[in-house]
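What follows is a pair of complexes built around chain A, which joins chain B in one and chain C in the other.
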Partner chain A sequence: MKKLLSFLLILALLSGLSVIAFAEGESTGGNQAVKAQITGAPSWVLTIPADQTIEFMAEETDIVHHACSIDDPKHIPADCTINASLTHTGNFTLKTDASKTIPFTLNAFDEDVPAGTPVIASQYWGDTRNNHCYAEFNIVISRDSWASAEQGGTYTTPVTYTSELVDHIVDPADGGTDRG
Partner chain B sequence: MKKLIPLLLALALLLSFGSTALASSHEYTPDDSAKLSQTITTVIPDNKLTWYLEIPADITIKQGGYDARVDLTNVEIVVDSGVLSDKQKIEASLTYDGVLTDEDNTDNKINYLLSDKNAEPEYEETAMKTGTAYVVGTKTKDAETYNAPDAWVTEYTWDMAEIGNYEGTVVYSSKLVETGA
Partner chain C sequence: MKRILCALLLCSLLCALTPAAFADGVQQVSLSIPCTVTVDVGEHGKVYANSTTWTGKIVGSFQVWPGTRVSFLITPDAGYVVNVLTLSGADVREGLRYGLYGTVVEHNETLVVRFEKSSTPTPWPTSTPYPWTAPIPTAPSWQVTAPYGPKTGDESTVGAWAALLLVSAAGVIVLSQKVGEPRTAHARKRK
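== the complex of A and B ==
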């Protein structure tokens, strides 16, 4: 029985080889495999820095501390960038009276960011799978601004973050930022 | 009792987390434009009084006799925030050791004195004593007065000095004084 099985296996192997040899010699066409992989929609998680308190009379305070991150990127095309940006209002407002304010400036990369203008805080590059959070975001309150506060109390300001998928790799020259 | 201890530990852990501001997160897709907000807070105390002292720039005393006199004006008390009450004043004062030391040879020294501008500079009896704080500026709720001194060097000291570059330091300070008036 064992001998019979061995014979049949050898026979099958030989016939297979002959078919391949025949196909190479005589075929004028063939089948092309077309494959598709369904990967799902892109998604990512943006985490922003915690709420923060600034000490009275502090002139410069970092509000980001490397804590703005883009995590868990899924199905991000290689030619795309995820940008996370922040905007600010330029004023602290007294909780009990919105007409009482303290002006401030936001300093990023040693330049002032105008109120209402988005500035990139974190980026994920699809081509390199690199994730980078920029850290130099300082709220600057001058002595004159502190002194201008008409009334004691609790003042707050919102810093608003959002993110988007951009369908190209952001050129640092365009974005004014560097991947370093 | 054994079951109660882990429960209390868990509760303590939860409370400790609760006292810390947490970062917030959001899962985005390409058509999502959600906005996340970080709140920055500062508390300004009621009538918190702060001030700073503007002091004169560094000076160079010209060598020789009475020409060595230099005016030390430009002390100024500047209130940053808050308001002085009727019973408060800010005083600025200076102290000095009266010695200029050769930068290259600390054994070489020149003695100098500060005097009230209204006093005769050549008399050591009227000069400010070294090591003693002298009030050179006062600011009250409604007024401020300054009495910056002159610096001068006695002719005797000049004659004895070795050639060199000499430096000394005048130290300024300020404080809030409750007058009780």
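== the complex of A and C ==
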């Protein structure tokens, strides 16, 4: 009985694993690609911008620059949309001392994107087969912020990109300002 | 065993119930701020770094980009040695080799160097001077003076000539005496 139970459990485990959505990253031409796939279900490749270095004292730097896209979509239902969102932390952190930070704002279409709030960077509409990428995302560091850096060193900040399949279509006329 | 199996079953069920596909990625954005390196030098020595020499009791600074390797050449005055060598508070004397200390600067750093009088005489300077165009400190003379006899490298020829003259004179005297004597025993008998 135990053997049978174990066999059934293993089968259940294998079957469960076979339908897991997975994400994997690979570098293609300077950008990074993250693939989401459900076997026999909707799948796509999320391409995100490559890591980037901001020039010293630059007040405004485009960090996305048409590089965020949803590619190779498969089995996307007509009434579904793939949303790719980005989230930022609002602070650069010194590598050697996390307590030292430089604040910045993320600017999208002349609007400040609050830290911690996802904003849509790219969308794919299943019905129109239209892959729309919102290109204008600028990191803005004021002169005062640059000057406030009391500690020299390398500062970094993660910009997290998330894509998901949703069962509604965001009107393209919104201009991508939909943040949900 | 049952617990493990149950846990595996639960995991498999949870995975199978994952409602939608998703994909995440992280883009790292970075920037660099120049690092300030402060050099605090005590009396009786000097520190050379970043094309600058700090001599005597002085505090100076320079800036480098993070990730830059900076070398400090520390030269105590004659008769002095490095007593204190700290980098941002940490004792780094063990990293001192032939008067040279190097580090990769990742954030602001302060190098403190102090010198003290050496308890034992140092025949050679503790470091090789750099840059190479700088005047090379003269090493203490190790010339050994013998209490008597000729000295190696003596360029005076008067003594040599006098010695040669004396030897020649002695030779002439000896030879002249021998010339006056009969050469063989037969000659001596006839005489």
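Throughout what follows, the second predicted complex is superposed on the first by the 132 of 180 C-alpha atoms of A that agree within 3 Å, B and C clash if a C-alpha of one lies under 4 Å from a C-alpha of the other, contacts with A are read in each partner's own complex, and residues count from 1 in each chain.
Here is the rule we go by: a residue touches a chain if its C-beta (ideal position, glycine included) is under 8 Å from a C-beta of that chain, and two chains touch if they have at least 3 such contacts.
As the structure is a prediction and not an experimental result, all values here were calculated from the model.
Shared-chain residue A:P158: touches chain B and chain C both.
Once chain A of one complex is fitted onto chain A of the other, the partner contacts of A:Q32 are limited to chain C, with no touch recorded for chain B.
Greater residue coverage of chain A by touch, when chain B is weighed against chain C, goes to C. Once chain A of one complex is fitted onto chain A of the other, the partner contacts of A:A98 are absent, as it touches neither chain B nor chain C. Applying the stated contact rule after C-alpha superposition, one finds that A:R143 touches chain B and leaves chain C untouched.
In the superposition on chain A, A:Q52 contacts both chain B and chain C. 41-46, 48-56, 63, 92, 102, 139, 141, 146, 149, 151-165 are the residues of chain A that lie in the contact sets of both chain B and chain C, per the superposition on chain A. Across the complex, chain A is touched by residues 20-30, 33-48, 50, 52, 79-81 of chain B. By the touch criterion stated above, chain A contacts chain B in their complex at residues 41-58, 63, 67, 71-72, 86, 92, 102, 139, 141, 143, 146-147, 149, 151-165. Residues of chain C that touch chain A in their complex: 5, 8-9, 11-16, 18, 20-36, 63, 66-67, 106-108.
If you check the complex, the residues on chain A that touch chain C are 5-6, 9, 12-17, 19-21, 23, 25, 32, 34-38, 41-46, 48-56, 63, 92, 94-97, 102, 139, 141, 146, 149, 151-165.
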